[in-house]
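Since the structure comes first, as structure tokens, the remarks are kept for the end.
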Amino acid sequence: MAVTAPAFETIAPPAASARKRRYTEDQVPLGKMIWRMVAGFLVLAVFVLPYVIMFFGSVKTKAQIRSVDPTYFPQEWHWENYINMWSTPETPLPQNLISTIIISVFATLLVLLVSLPAAYYTARFKFPGRMVFLFLVIVTQMLQPAVLTSGLFRQFVALELIDTWAAMIFINAAFNLSFAVWIMHSFFAGIPKEVDEAAQIDGAGRLRVLFTISLPLVWPGIVTAIVFTFVACWNEFAASLVILSTAGNQPLSVALTKFVGQYETSWQYVFGVSIVAIVPVVILFMLIEKRLVGGLTAGSVK
Amino acid sequence: MKKSLRLGAAVALAATASLTLASCGFGGGSGDDEAGGKTTLDLLVPSYSDNTQSLWEDVIKGFEAENTDIDVKLEVASWDNLETLIATKIQGGEAPDIYNGGPFAGFVTDELLYPAEDVVSPETFSDFQDSFIANAEVDGTAYALPLIASARALFVNNALLEQAGVTAPPTTWDELLDAATKVSALGGGIAGYGMPLGSEEAQAEAAVWLWGGGGTFGDADAITIDDPANLPGAEQIKKMIDAGATQADPGSTDRSPLMDIFIQGQIGMQVGLPPTVGQIEENNPELDYSIVPIPTQDGSPFTLGVMDQLMAFENDGDKQDAITKFLDYYYTSDVYVPWVQAEGFLPVTKSGAEALSSEEALAPFLEVLPDAQFYPSTNEKWSAADAAFKALFGQLQTKPAQDVLTEIQAQVDAG
Amino acid sequence: MSTTSETSSIPAGAATGRPRPGGQGGQGNSRRPRPGGTAGEVKPRRGGRELLGALPWIGPALILIFGVVLFPAVVMFFNSTRDISISGLDKGSVGFDNYIEVFSFPYFWPIFGRTIVWVVVVVVATVLISLALAQLLNKAFPGRRIVRLAVIIPWAASVVMTTMVVYYGLEPYFGIINKFLVDIGLIATPEGYGWTRNPETAFAWSIVVAVFVSLPFTTYTILAGLQTMPGEVLEAAKMDGAGPVRTYWGVVLPQLRSAISVAVLINIINVFNSLPILKVMTGSIPGYDADTIMTMIFKYIQNQHKVDVASALSVVAFLIVIVIVAIYVRVVKPMKEV
């Protein structure tokens, strides 16, 4: 991360200028603007609605959630659900949150570490097997998770890594590698070769070209890859269920199922934990949304 | 070229290093079973209620205090995931040492289990009620230890029946149909009889009706779903549906959400089991209800009994002593009775039954227990039959009864 | 793994919406964003030495893929030819019996057909709605930032939970959506309608949810494509006197081609592999009238404990998706530049 941080500054100015240009273009009549706002509001409502229902559920009591005469808004707001859920008998939620964070963060770092050079090289150099490699990478996405778990379990038993975070870090990284490679590959491919060549003529090594010239230019691609990988790891379920058996090692996605009893389900916690699980990801988005879309505009780097 | 090689090597090394680091730094630590000369027992159990995890933790804490050389590692899974999990573990050669589950005949066929008598002391074994042990026997040997039992009974909303002009709870199918139709006629979203034929527990509602009409699912030797004796029950279900005596879409209604509706007073009658009492207590204590035996075709007493069991996997065969110690500890009255009580089920030991005989909530169920019939769970094919009921039985709503039974039988035979 | 089971959308294709090198070249030839061919270049060389040179760069990725994915994949193929008992023990080889069981299952072809309908409807609807959404989000208006953020939420949330909430809303008696429909008089029965109790409506709602959770990624991909559109092109079109419709069809869409084609490819794979939505929405329905290949695999494993047959069906599914992708790639050529 330390290496890529300076890239921020490099890319930011063009992003800003690109946005400015767009806004000045959009001098539209008021009527049109209002129409857009109405449409925008409708879109907002549709996209937020399920999560509002989820949120309302999370502040109801178990009985209110299963009430046969549902109300649109909670009649009483049981904020204590958000406190109580951290100390339920079903699952050690604080540990589950920590697990989720550790697995997601390290898997994302590993993906970055491994896919960055692969993406760079496949985008920059022709070599026999290049297409085979890219195809192989995408094939990993076509396999059925439900059926793979049994093989994964056996494999990590043999490696004596069963029930460890490390196992889930590897698994998440391996299965999310493909799109990360693809994303960054096409970003690298988008950089004009002249940039590299100029640098190389200057006598810079390939490594230095990568880190000082190419990397800053593909920062939006890296961000996209990070977000994608992180979200996928954050919500992973199928493999975590079989690999992690100790309650404290399990991520939130598995912990959620603990609230589902044979005859009763603690829906208020299911919804509450889901909200808690969404928040960090949305914040992550909020922080980088500008770079994600704005950064893409910044592609107008020469 | 050289430089790129070096860089590549550096990256590869960094990757490897991070992998190694990760694996060292974040060991959850199950690989070291024998650390410090301790024996580790893996215990895989399903979640019965909110309390399951903490109830087991209490048991384990007490046990480990007495047996410092044994570690018990608990894993709780939801019922949805339980059987997938156990199959994965067995396939990976990592079966838990002790497992709490339903169907077990398949494990016996594959010779994976210790005989029950090998993993509990004679005293513990003789404390099990005979009828339950009989249900754990394959070819005369018990391979599973009864854990809990449940019996079904009809929960009746007294207020609704009264409102509909029904004076006494039904005891026969005709009376049930009549009463349910009248309650349904009250309107306003109220249903006479709650009939859950959805995938959650279709086999239970199927047993209630098919067996109540004199049918059977078969025995240890053969599964017989497509049997003329099962037809009256299936036809009666259709009659109930066609008369509008049930809630809408019975074929795809699951049991748990439906019971929530009964508890809130919107359903006249529904078959429930011991934990239902606790649920009503918790969610709607004002509900005016009674618990009566399940109506049958001719009014003769009958109930569906279900027994869950513990089983001990042999694995390497070196943990028999530790398993025996744990199970003996678990089944002592002081440990077992509070456990069963908290989960709200019926005890399977003689001492447990004695201790809980005065328990008022359980009385109606203990009363019908002698007439209980059980699933043919000692038949290896029962697991397939169970799955077929869940997947297909709800089609009764739309398909002819005979076709549905035939289809279920076909899937059982194919499995 | 997580990708296919939990998240159904990935921002991968966003990349393809990037501007072409140089930005100005080849406007007229919009079908080929990079007329120069592949970006990789620097003196084409041949032979094993190049592969060797590539290894340090792609090696770590290969190690990770082979180290983690290969074994389970091989196990899947292997299991599809074995007889595995319900408790999970391998009882030996049965050749292709499991495949015969898969294909002789009377509901297989309807399920196959439904899978195709599922993929086509979800992907087409997703792309069409995303095009409109992206168009809106690309226009300046007060509050746009917040709308953009809202559009991204379904992606941040796990697909299972989004589906659960919709399922909960649709339940008779308890559900808010049902209550709303009753309140505005669309449904006569006071307890609501059993949307998730009937195969047709449950399947239709599943499609709605699948489209909903696929929108964020697709929309953002197209949005990125729109934003990289050189302003000069649009202005040129305007000067030529082209109306907004003609400009969109003639200029904007062709420009978006590469962004859309990769987004579609990724959506096809993800939607085909999607299990949780249908599992939740149609889970309580008896019979096989709302199943796709994915839910059937799940039923083989979860209900019937037939890991062997499930593996065989997975292999079949794998081949189907490869064929679909191969056809797609042949026709649309989304990877042309990759």
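Think of it as A, B and C in the order they're written, each chain with its own count starting at 1.
The rule is short, and it goes like this: a residue touches a chain if its C-beta (ideal position, glycine included) is under 8 Å from a C-beta of that chain, and two chains touch if they have at least 3 such contacts.
Given the structure is predicted, the values throughout are model-derived calculations rather than measurements.
*Asks:* Which chain has its C-alpha centre farthest away from the C-alpha centre of subunit A?
*Replies:* Between subunit A and every other chain, the largest centroid distance is to B.
*Asks:* Any chance you could check whether B-C or A-C wins on number of contacting C-beta pairs?
*Replies:* A-C
*Asks:* Please tell me the distance, in whole Å, between the geometric centres of subunit B and subunit C computed from their C-alpha atoms.
*Replies:* 37
*Asks:* Quick one: report the Å distance separating subunit A from subunit C, using the average Cα coordinate of each chain.
*Replies:* 16
*Asks:* Which residues belonging to subunit B are in contact with no fewer than two other chains?
*Replies:* Residues 4, 7-8, 11, 15, 80, 84, 87-89, 91, 189, 257, 260-261, 266 of subunit B touch two or more partner chains.
*Asks:* If I count partner chains per residue in subunit A, which residues reach a count of at least 2?
*Replies:* Residues 66-68, 110, 113-114, 117, 149-150, 154, 170.
*Asks:* Hunt down the residues of subunit C that sit against at least two other chains at once, touch-wise.
*Replies:* 53, 56-57, 60, 64, 88, 173-174, 191, 301, 307
*Asks:* Give every residue of subunit B touching subunit C within the complex, in rising order.
*Replies:* 1, 4-5, 7-9, 11-12, 15-16, 80, 83-84, 86-91, 106-107, 109-110, 112, 188-189, 197-200, 202, 247-249, 251-254, 257, 260-261, 266, 383-384, 387, 390-395, 397, 414-415
*Asks:* Which of the residues in subunit A come into contact with subunit C in the complex?
*Replies:* 18, 21-23, 25-26, 28, 33, 36-37, 39-41, 43-44, 47-48, 50-51, 53-54, 57, 65-68, 70, 72, 110, 113-115, 117-118, 120-130, 133-134, 136-152, 154-155, 170-177, 179, 181-193, 196-197, 221, 224, 227-228, 231-239, 253, 256, 267, 270-271, 274, 277-278, 281-282, 285-286, 289, 292-293, 296-297, 299-300, 302
*Asks:* With touch defined as at the start, can you tell me which subunit C residues reach subunit B in the complex?
*Replies:* Residue positions touching the partner: 53, 55-57, 59-60, 63-64, 84-90, 101, 171-174, 189-191, 194, 196-198, 283-288, 299, 301-307.
*Asks:* Can you check the complex and tell me which residues of subunit B touch subunit A?
*Replies:* It is residues 3-4, 6-8, 11, 14-15, 18-19, 22-23, 25-31, 42, 44, 46-54, 73-81, 84-85, 87-89, 91-94, 189, 255-257, 259-261, 264, 266, 275-276, 279, 282-284 of subunit B that touch subunit A.
*Asks:* Would you pull the subunit A residues touching subunit B in the complex into a rising list?
*Replies:* Its residues touching subunit B are 62-63, 66-68, 88-91, 102, 106, 109-110, 113-114, 117, 149-150, 153-154, 157, 160-166, 169-170, 205-207, 210, 241-242, 244-247, 249, 257-258, 260-266.
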